[in-house]
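The first chain written gets the first letter, and so on, giving A, B, C, D, E, F, G and H; residue counts start at 1 in each chain.
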Amino acid sequence: MRIILNGAETEVEATRLDAALAELGYAEGPFATAVNQSFVHREKRGETELEEGDRIEVVAPLQGG
Amino acid sequence: MVRFYDVTLESRLMLGTAQYPSPAVLAAAVEASGAGIVTASIRREAAGERSGARFWELVRRLGVRVLPNTAGCHTAREAVTTAQMARELFDTPWIKLEVVGDEQSQHPDPFELVEAARILSADGFQVFPYCTEDLSVAERLLAAGCEVLMPWGAPIGTGRGLSNPYGLRMLRAAYPDVTMVIDAGIGRPSHAAVAMELGFDAVLLNTAVAKAGDPATMARAMARAIEAGREGYEADPIEPRDMAEPSSPVMGRAFLA
Amino acid sequence: MVRFYDVTLESRLMLGTAQYPSPAVLAAAVEASGAGIVTASIRREAAGERSGARFWELVRRLGVRVLPNTAGCHTAREAVTTAQMARELFDTPWIKLEVVGDEQSQHPDPFELVEAARILSADGFQVFPYCTEDLSVAERLLAAGCEVLMPWGAPIGTGRGLSNPYGLRMLRAAYPDVTMVIDAGIGRPSHAAVAMELGFDAVLLNTAVAKAGDPATMARAMARAIEAGREGYEADPIEPRDMAEPSSPVMGRAFLA
Amino acid sequence: MRIILNGAETEVEATRLDAALAELGYAEGPFATAVNQSFVHREKRGETELEEGDRIEVVAPLQGG
Amino acid sequence: MVRFYDVTLESRLMLGTAQYPSPAVLAAAVEASGAGIVTASIRREAAGERSGARFWELVRRLGVRVLPNTAGCHTAREAVTTAQMARELFDTPWIKLEVVGDEQSQHPDPFELVEAARILSADGFQVFPYCTEDLSVAERLLAAGCEVLMPWGAPIGTGRGLSNPYGLRMLRAAYPDVTMVIDAGIGRPSHAAVAMELGFDAVLLNTAVAKAGDPATMARAMARAIEAGREGYEADPIEPRDMAEPSSPVMGRAFLA
Amino acid sequence: MVRFYDVTLESRLMLGTAQYPSPAVLAAAVEASGAGIVTASIRREAAGERSGARFWELVRRLGVRVLPNTAGCHTAREAVTTAQMARELFDTPWIKLEVVGDEQSQHPDPFELVEAARILSADGFQVFPYCTEDLSVAERLLAAGCEVLMPWGAPIGTGRGLSNPYGLRMLRAAYPDVTMVIDAGIGRPSHAAVAMELGFDAVLLNTAVAKAGDPATMARAMARAIEAGREGYEADPIEPRDMAEPSSPVMGRAFLA
Amino acid sequence: MRIILNGAETEVEATRLDAALAELGYAEGPFATAVNQSFVHREKRGETELEEGDRIEVVAPLQGG
Amino acid sequence: MRIILNGAETEVEATRLDAALAELGYAEGPFATAVNQSFVHREKRGETELEEGDRIEVVAPLQGG
């Protein structure tokens, strides 16, 4: 399935968000997620089904002003 | 002592964490500043990148509270989603709400800002909105549930000091009991002191410290200036006078001419 | 560290001793200020009056150096005699040389000032002349032997802050190695910070502290502002910019719109 | 002899500054003196002869700015 | 020449008609100002009162265009109804749209203002909105159909001159082709000149003229200052320099020392 | 009407003649300015050079009075000789007396200036001394016989506007009846208007006009600004107020909310 | 019928706006009207029926800033 | 005789200022003169004797600020 991960087209086999993240290599470490511009809580990733063309954002803390 | 929602802190300085030459310099500046709060942001991270984790570790070691921001958002929707992600990442209900009108001036967009503030406050966030000195916008932000306002001193990164001290003074006078933090535009310690002398409760700084030749020294200078300005405000300063008057007594002067 | 002739001190604040509500408040303000130098004056004393002795005792207990002034003098001759009497009374070669043109504005009279500075320097005094930002006057004062200059910020007692920051900047630039103290006109901590950010070495205050609602707190505020301004000067501040620049990184921003 | 002490006419019998000061009641305590606008050092008071109409200034420390 | 919707005028001064000592003084001031536009308001009239008719007659005789305002309105609804009544009374599609947040500061309320501007523009009005220097508000006013903006210089009646020249400069730069009139806050001719030197197209004045000791002379002074500022803007002024430069040639100077 | 010694003129603008792109542009600027006085200088001329004669011819055709200066002089002696040569060349007792402390800042040297003013006044000159806002220097210049003072606005050629408006205001207040001309430092029409609003009698300009993109237009702009500032001064302007107040009447407002 | 005219309670017999205005003494001269906060065009006054408690505003030109 | 004319060494045969100026080519046109830093009035040039090494300044009008 083709998705958009952080703005770049990517293929994943998984159809749920948690599995897709694991497949893409996001393991430990603090990160947060949104699908199609809506926040997906950490605990909802397992029940979030992905669809072709979904836009997934994976973000982490960064210095800021 | 200054109150941000249900937290009361000693330091009236908030420090941004961006643009330092190195993490070590950032850490030294935070320590020198005595800040109780630092700001942080979020951004996309590639799988296995770990830079978010390293930054997070650094902040933890500093032992200060984190105020995440929504830097770069142009719409209420973006800002809301960003705030939600930040809340999960930083584990705090605090959010410095930035919704800006354009990349160039980074000026707050009052319409999107107020809408985002309403949504986030209703969702349990404790919102610190980056706003202007506009009284009507302030009124709506407070009505939306904000208990802190962060009016700009000048556009972000300009280091010009307060562009509109009169307008800021009117804002301060209109809502004397609301915690207000001057955010952005400060370049020198005297600018921070002026903000505090106008009766503002705190100052948020980033560029002025991070880009100074010696960030740790500048951080300490800013901390001192903020305390100085606050104490000056509390000590009831003299009013400026138009004509000079001698400070040494003139009675009893020896006649030697 | 700032050098006044052959003395080097930590504190960059000098405090005047006039106009306080009471000797106790004066003492508290001096202590809170951390000042290493206080100014004093002389005046006629009636036989048996003892007020001079009491003041002298108070100053002694404060453990600070005294810089006597020639307040109220309008001619070189008056100032010279006053300085000589002050030297005997305070047992110091230091003299803050004030020769003013009129009672109203207390502005330095450059002609009488330079003449008095010549006479006093030749007589072994270490002269601290209260002057303006005038470059030609400064040049003559230095030629007369002065190693310290005390340009005014604004007329005495006005509390307006620096009237002519551009002129003061030019004076600072013209003689970068001369110890210069901004004397008079400061009202708020931010004014003192501005003076220090311009590169001046110290600030002398009196009315702004003595007449504040809470002199000791204001003294501490001024001390902090002076340190803040000095550190800001040394830390190489950012230049003001005309246009905004985001302080949070824009690369890698999540796309949520 | 009539002198002007700190601006006020005064009679003294003494003809030297140190004696005049003592006569006028200036004893202990820090004070400094000038006669006719010229400083007179503490140690010169004994050799300073006064004349009719001399203007004598006696000053002490005072708070100042 | 300055364009307000489909009208092009020579004079860059608009004059308010309130607060004059008498109708005769108002008439003299309008004449002395050379203004092509005066503002007017509406208010309740009792039956048989005729004061509206007398004012209307006065304005007619002055031979200038009238720009009616919605002074005192706090909501879009009030402003819209007021504008509609004004259109009928003054027989003009022009409306100076004031929607203010409180009586005290008379600051524009951007939310109600933009809504009213949308409704009125859609209803065929040519809206002159009294706004701040806020870029996001300006953007929405223009999107609503406004072809003129009237940013404040300072709050109405303060006579302080421009509170935020930097912000106004940014607004001017953001929309270089939009007709912009500085409205309110001007006190002296130099304030009006500064507004014009920043590139604004016109200035609206009232209190500064009406309450001056000599309104007609002040009106003429303001007119001259506005022309002066505009010509100065067009003549490409020199940039301020930090250091002096002799204006008389130094080459060939006689050697007489 | 402004009085310079025994001459009374309509125009309050004096124009310098240096630095124009061409004699034709100079002539156009003088004409546009309406100035009644232009300044001129002297310099070494080689035999047969004739440039002095051409300049002299140009000035004659302009039909204005000439105020020769002593530009570039550093001592009283140089200035006196220069003034004497200028008197012969320009056939006028008027001399704009410049005695400056260094090439860099072109600041007036009060010591040499006062001495030269004494000598020249005694020799029958009508001296226009270029000075600072120093009250003691002014007092001595007046005592020397000067009936006009020319305090600087800012160093020559900087175009910064008034560096020390407070000091200039004090000077104006100290000698309300002396003709005072702000000389140097003006860059924009608003600067000139401010000078006049402070109560000064005239303004001398050179660089701001000569180096503007369009000198003739700038000359006219300056002339208007000077008249505007003067009329503003005479018309008794409103005092700045701290809080906004409505200029449209609030009584009788329709209730439409 | 009781109406509110420019904020003050007033009795009128007329039931249309134009007649009410005439009855109240508004004759010539420039004025404009609103009923219950909505503008009523000059030409619509004849067809505007009033009801008990209506709030009528009658305004005229005035100097303004 | 060697003189300094406007800063440059020059030889002249004339010994009076008026003659020297004529010899050097200064004829018509407005100019003013100083010798050794002292002004010499136009009418005094004829009686001003020059000496070896005298510094002569000849100046003319110029634009100025």
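Going forward, a contact is a pair of C-beta atoms (placed from the backbone, for glycine too) under 8 Å apart; a residue touches a chain by one contact, two chains touch by 3 or more.
Nothing here was measured: the structure is a model prediction, and the numbers come from that model.
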- At the largest C-alpha centroid distance from chain C we find chain G
- Contact tally winner between A-C and A-B is A-B
- Query: How many angstrom between the C-alpha centroids of chain G and chain E?
  - Reply: 32
- Item | Length of the line joining the C-alpha centres of chain B and chain D, rounded to whole Å | 63
- Note on the structure: Chain-centre distance (mean CA atoms) for chain C and chain G, in whole Å, is 71
- Query: What residues in chain F touch two or more of the other chains?
  - Reply: 16, 18-19, 41-45, 69, 71, 77-78, 81, 85, 105, 107, 155-156, 160, 170, 184, 206-207, 243, 246-249, 252, 254, 256-257
- Mark out which residues of chain H touch at least two other chains, giving numbers and ranges. 6-7, 34, 37, 57, 59, 62-65
- The residues of chain E that touch chain B in their complex are 101-102, 105, 107-112, 114, 132, 134-137, 139-140, 154-155, 160, 163-164, 166-167, 170, 174
- Item | Complex contacts: residues of chain G adjacent to chain F | 6-7, 34, 37, 55, 57, 59, 62-65
- Note on the structure: Residue positions on chain E within touch of chain G in the complex are 16-20, 26, 39-53, 55-56, 59, 68-69, 71, 77-78, 80-81, 84-86, 88-90, 156, 184, 206-207
- Considering the complex alone, what residue numbers of chain D touch chain C? 6-7, 24-34, 37-39, 41-42, 57-65
- Item | For the chain B and chain C complex, residues of the former touching the latter | 16, 18-19, 41-45, 69, 71-75, 77-78, 81-82, 85, 103-107, 155-161, 184, 187-190, 193-194, 197, 206-208, 210-215, 217-218, 220-225, 227-232, 234-254, 256-257
